[in-house]
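Beneath this line is the structure, given in structure tokens, with notes to follow.
Labels run A, B, C and D following the written order; every chain starts at residue 1.
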Amino acid sequence: MPGKTCNVALLGTKFMGRAHSNAYLKVAKFFEPPVAPVMHTVAARNEAELRQFAARWGWKHCTTSWKEAVANPEVDLVDIVTPNNVHAEHAIGALEAGKHVACEKPLADTLAHARQMAEAAAKARGKTFVWYNYRRCPAIAFAHQLCREGRLGRIYQVRGCYLQDWAGPETPLMWRFQGEVAGSGALGDLCAHTIDTVRFITGDEVSEVIGAAMETVIRQRKILETSGGEISGRGAATSTRTGPSTVDDIVLFVARMGSGALATFEATRLATGYKNSNRLEIHGDKGAIRFNFERMNELDLYDATLPEKLQGWSTINVTNGNAQHPYAGAWWPVAHVLGYEHSFINQTADILTVLGGKEPVVPLPDFADAYKVQRVLHAVTESSRNRTPVKLSDIK
Amino acid sequence: MPGKTCNVALLGTKFMGRAHSNAYLKVAKFFEPPVAPVMHTVAARNEAELRQFAARWGWKHCTTSWKEAVANPEVDLVDIVTPNNVHAEHAIGALEAGKHVACEKPLADTLAHARQMAEAAAKARGKTFVWYNYRRCPAIAFAHQLCREGRLGRIYQVRGCYLQDWAGPETPLMWRFQGEVAGSGALGDLCAHTIDTVRFITGDEVSEVIGAAMETVIRQRKILETSGGEISGRGAATSTRTGPSTVDDIVLFVARMGSGALATFEATRLATGYKNSNRLEIHGDKGAIRFNFERMNELDLYDATLPEKLQGWSTINVTNGNAQHPYAGAWWPVAHVLGYEHSFINQTADILTVLGGKEPVVPLPDFADAYKVQRVLHAVTESSRNRTPVKLSDIK
Amino acid sequence: MPGKTCNVALLGTKFMGRAHSNAYLKVAKFFEPPVAPVMHTVAARNEAELRQFAARWGWKHCTTSWKEAVANPEVDLVDIVTPNNVHAEHAIGALEAGKHVACEKPLADTLAHARQMAEAAAKARGKTFVWYNYRRCPAIAFAHQLCREGRLGRIYQVRGCYLQDWAGPETPLMWRFQGEVAGSGALGDLCAHTIDTVRFITGDEVSEVIGAAMETVIRQRKILETSGGEISGRGAATSTRTGPSTVDDIVLFVARMGSGALATFEATRLATGYKNSNRLEIHGDKGAIRFNFERMNELDLYDATLPEKLQGWSTINVTNGNAQHPYAGAWWPVAHVLGYEHSFINQTADILTVLGGKEPVVPLPDFADAYKVQRVLHAVTESSRNRTPVKLSDIK
Amino acid sequence: MPGKTCNVALLGTKFMGRAHSNAYLKVAKFFEPPVAPVMHTVAARNEAELRQFAARWGWKHCTTSWKEAVANPEVDLVDIVTPNNVHAEHAIGALEAGKHVACEKPLADTLAHARQMAEAAAKARGKTFVWYNYRRCPAIAFAHQLCREGRLGRIYQVRGCYLQDWAGPETPLMWRFQGEVAGSGALGDLCAHTIDTVRFITGDEVSEVIGAAMETVIRQRKILETSGGEISGRGAATSTRTGPSTVDDIVLFVARMGSGALATFEATRLATGYKNSNRLEIHGDKGAIRFNFERMNELDLYDATLPEKLQGWSTINVTNGNAQHPYAGAWWPVAHVLGYEHSFINQTADILTVLGGKEPVVPLPDFADAYKVQRVLHAVTESSRNRTPVKLSDIK
């Protein structure tokens, strides 16, 4: 057990509040982080919900004032899971208070907000982290390692789709459809993950958005009687009135990477049949990899350096601690498979490792990193709006 | 949050000790059990390991005397994760002390022990539970529900394989290869799960073992320098001396069910390429199901009542809370997939539900149930040894 | 056996010459076409190869003059499998001679040529057919039928990728890399199939290319010592000299369909690991389909009108004659699977059916249809070159 | 083109008559056999059907007397596709007439018949061949090669299932359910293939049937109004009268191989959901292979000699002529996939190769080989009937 501790203040209590609380609860049971997390304070606006949440998860304190939480000198790390449009205010406040900050993705609702956050991070004493948690899906971390070892060779092509189907006409107007809160729809919610993952695995950056389409397919949605509502919201009571959805249900774009590789990106909430199919294919001259989150314990590898007659798509169950699959040693025996929540716990372990002055298993995204993703989101939006290619070098 | 609590004493700290501790830690975060578990006492023989384990997982007390734990009037539920050959002593002791008992599978090392346990349970005041946890893989629970709804119709055939590959010649002589401790090899460790799962889904019992083979393929194994060793043990230091393995690496049998359906069962630790492939196929005249634990979030269903041109194997991602997939509502949004550990947490939720006087999501196995499995294990052993068919009606 | 016959003249003898000859050989063994094909004449320039080809396949006559073949009054149907840049000359010649014409895809090397062909067809007495043979993969024909029955509902999205990997740096400069012969690379060779298939299944047309990239990744290739060379050409002797490849190795584009649906298209010869993965996904509000040619006997269907708990991707083995899967009744018992060549035989059966005055199983593409595909190819090329969106209404 | 020819007489015209005729038609179009087949004579009892069949497929002569066909001095090879119970008479007659003989599998209806055939073959001048055509599925031939190269190492286990589902209660009493004609049900029809395939790949023989079950699940079936009826027969008119089915719908057995490896075999016509799933898994200490005929163009290989972190099940598309996949060079470019019928054409090519004095791609089964399969069929039948293990050394 670590001797040092890290007092955490969590801002927000919804879906991600739950995922993060679970991670803090479990991380030191499975990992040996140099610093142990203490679930110190949780902050949210709805006091009744807040108290219940704190009691359930074992947060020691709770407050309806995020500023109070951030100002508390006992707090070491501020973890932000609030809506995208308040990330900047919360994160900059925390950085200015000298805290380490972990922020949910995307970094912000707008490029301007994201830039302010990156600038604040550059000046701050605290470290920053962004919850691009798919980097810590073991299969993705392993793909990163394989690519770094040169097993894919020169990258020719990338194909990334993040496919969900929950946003049909019956889904009500929850905050995720409100542009002023969410910033964007499938783009920031889903595609941001894919963009970060591609950067992470290949070490390459999108250099140009060649063409893009962002589409609000369902333009009017039923208004929710009560605020809130998690991802599906289908069970929630809705009124007969409707209001405009102002975000993209579907985003598609074709891009060029800095290395010259070509890429297609797609994110959609209308891909009937796919519930959470975050999938990625990367083709290089020496090999290729393929991933689908719905089968997250598997990474498919095509090794083009094997004798030709033996070449095939190999499905590797990336849960083998003896084989040094990333994070596998902390968990269960081989093929006693992991789930969605484990990516958050793995990330928490790495954050604590970095706070303890050590190296994470694979690189963690910070605000500077996440700002690079945000520039791509902005370029996609510009390209779609203006119907022109957009070079990333033109986005500051 | 539940007002009532249940003080748990855990006997044992190895692989299953960890899986169960994790379940007690998490269950009331995700479920609303009528009774909340309290991690009261953990007991094991190695005091240093024990203290470390208790501190890590938050057990309030620890003791090297299982009798002391069982005798403690504060304890409500005794959870047994010790080796198979001491299940009987521990469980009967706990039942006689008036406790509820949850025992790891298989129920015991021998039929005689299992019978004593079932008899003790029949007379006891406490409730009994056995950790046939795969019943609470959501896909298996869903298969049970589908079968109960009549969607498979009359069952023609069952095919169950539990395939692992960790027991090659380099794997040392850990306790799992010692018949006097483990009772059996692949049979009790793996095939017992398959037998229980088939019973659970179909509601039918094995009535005859028609032919069986149990094989110790690797007859001499290297002796471990230190005792202990988890599933793989491959990393452990071994001596140059060898000793005899006395359990089955492979078990195969052909059986008839009470309904007349035919079944094949296989369990092996030498199925190169399969790490934890607990897979099952059940064919009825109206439909069929297919499951493979390595893709545990999926149940494949073939609905033979659809128009013929549309019939196919349908892969259902059984994580949809809106669709009432079992246990899904307690966890994450659809296709934010679950892992191995969730079956234990789901079972813990159901145990607490029963202790609170309510109905579990799907039936829980008790000692009487697990004794039925043990009779099949015994029949397989007899059939293999005597090279004859064995009727279950001849096993008392 | 049909009483009427149709004398066929085949122009060309390479890969497609073989595929078509096989189709004429077999069609009346498995189908009952109202008109029986007679393998009358084959024409090609290399006389030695030609004679050998004719003898092997049983063509009665051969000639090095395509004009002679086309002019022969005994010939009823001219089948063109020559390089793309001579399709127009051969097809228009044949139409003017009053023949029916079947032409390999893409219709032509250029839009101008394709327009001339479509115009000639409009004026001609003979019928025209284009070998967009994937329409007669049973799974694709079945997808067409399902879509026509309304099983997909309103189409939201289309995702079509045709992925091969044979065009690495070692592949020599065969004709497929020469723009003046092939017209284009992956675009006309592969993506044309996807475009036609999408039109065929959905009944919808591409209305705008929003953004496109066509990329010659390998710009210099080794010159072949000898002319010719089939798809891979890897075994062929090559010189140390190199010459420029002038076609796209990769083409990517984002498009809008007439109905408003969004679509991504990709074709590539550098998708390491994929040999012939012609795959397609179409998502509607009532259902979705998924196809991959490498598993051509399977169509995956997601039926979103089933009870939610039973919804899944269903893999239908589309070989069931009893179930009226298209073309299945002509072949083997269910799941005695078909291969690549069967799509050509199925198309030949339908061509003969149409020539006999009857209805094909599913619609056949003619020159007017294929001209619509060519307009999309042209729009993609323009969009890529000019870096702007291109509306199809602007392409004449 | 080969100068030498081989006149073939085909006895029988049903499903297999069609499959073989297609093979003779096509073999010399794709292969370069040293001897060219001539479709000389076809014999069958129903003259009207016979004439139509001969005309359709291009057999030069036809006769209702198999003896006449066999006696014809022009005939070189007699190919037998008649029901199992007349194989012996036809084959021995042909051998005595000095012909080469190719016989459909299983070799015979009974062990006694099979023995007579094997003895006749041993004394005859002609060569013998048996249509265990799955050996010439490219994936199976490749598995044989890989095993011969030592890539699987010491074999631990074999698991072979041949699963179909067409024999439900509505399927009428066609000849396949009549023991006196068929000899057995799923055993001889399906499982014989699996037994031969296992022998072929591993080079090992079944040495003991440890336990077996053969089950007639549907004991009464509707009588067909007309004789005949192909595999499914579901479309045929049936009477309201029923008669007894006297063959196994399901056969299951556990066996030991000569090397000591254990094996499970299963064949069934009641595996709802599986249409023609001939699947096989073989596990050795160095690797494993997996095959499913419904995806016949793929062989899955697990190479346990790769670095542990890279080990996985690799799906090899075995259609790569450049990579020397067996038979691939004769057909289409890589992943332009093959179907069921190609296994027959490949076998025909190898038979002609052997008749021309050359080596086949992989070994061909002759009567001696097929007799070994028949001994296993007999042992299974004895084991099931007598409810005892049966050693193959006790079967003469």
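What we mean here is this: a residue touches a chain if its C-beta (ideal position, glycine included) is under 8 Å from a C-beta of that chain, and two chains touch if they have at least 3 such contacts.
Treat the numbers as computed from the prediction; the structure is a model and nothing was measured.
Using mean Cα coordinates as chain centres, the one most removed from subunit A is D.
Interface comparison, B-C versus B-D: the higher count of C-beta contacts falls to B-D. Once the centre of each chain is set as its mean CA position, subunit A and subunit B turn out to be 35 Å apart. Rounded to a whole number, the gap between the C-alpha centres of subunit B and subunit D is 41 angstrom.
Centre to centre, using the average C-alpha position, subunit B and subunit C are separated by 54 Å. The set of subunit D residues that touch two or more partner chains comprises 311, 313, 317, 320, 322. Contacts from subunit C toward subunit A in the complex involve residues 156-157, 159, 161, 165, 168-169, 210-213, 215, 217, 250, 252-254, 256, 260, 262, 264, 266, 268, 270-273, 281, 283-288, 290, 302, 304, 311, 313, 383, 387-389. By the touch criterion given at the top, residues 1, 15, 19, 21-22, 25-26, 28-29, 55-57, 166, 230-232, 234-235, 275-277, 293-297, 317, 319-320, 322, 332-342 of subunit A touch subunit B in their complex. Note for the complex: subunit D touches subunit A at residues 142, 300-301, 303, 307-317, 320, 322-325.
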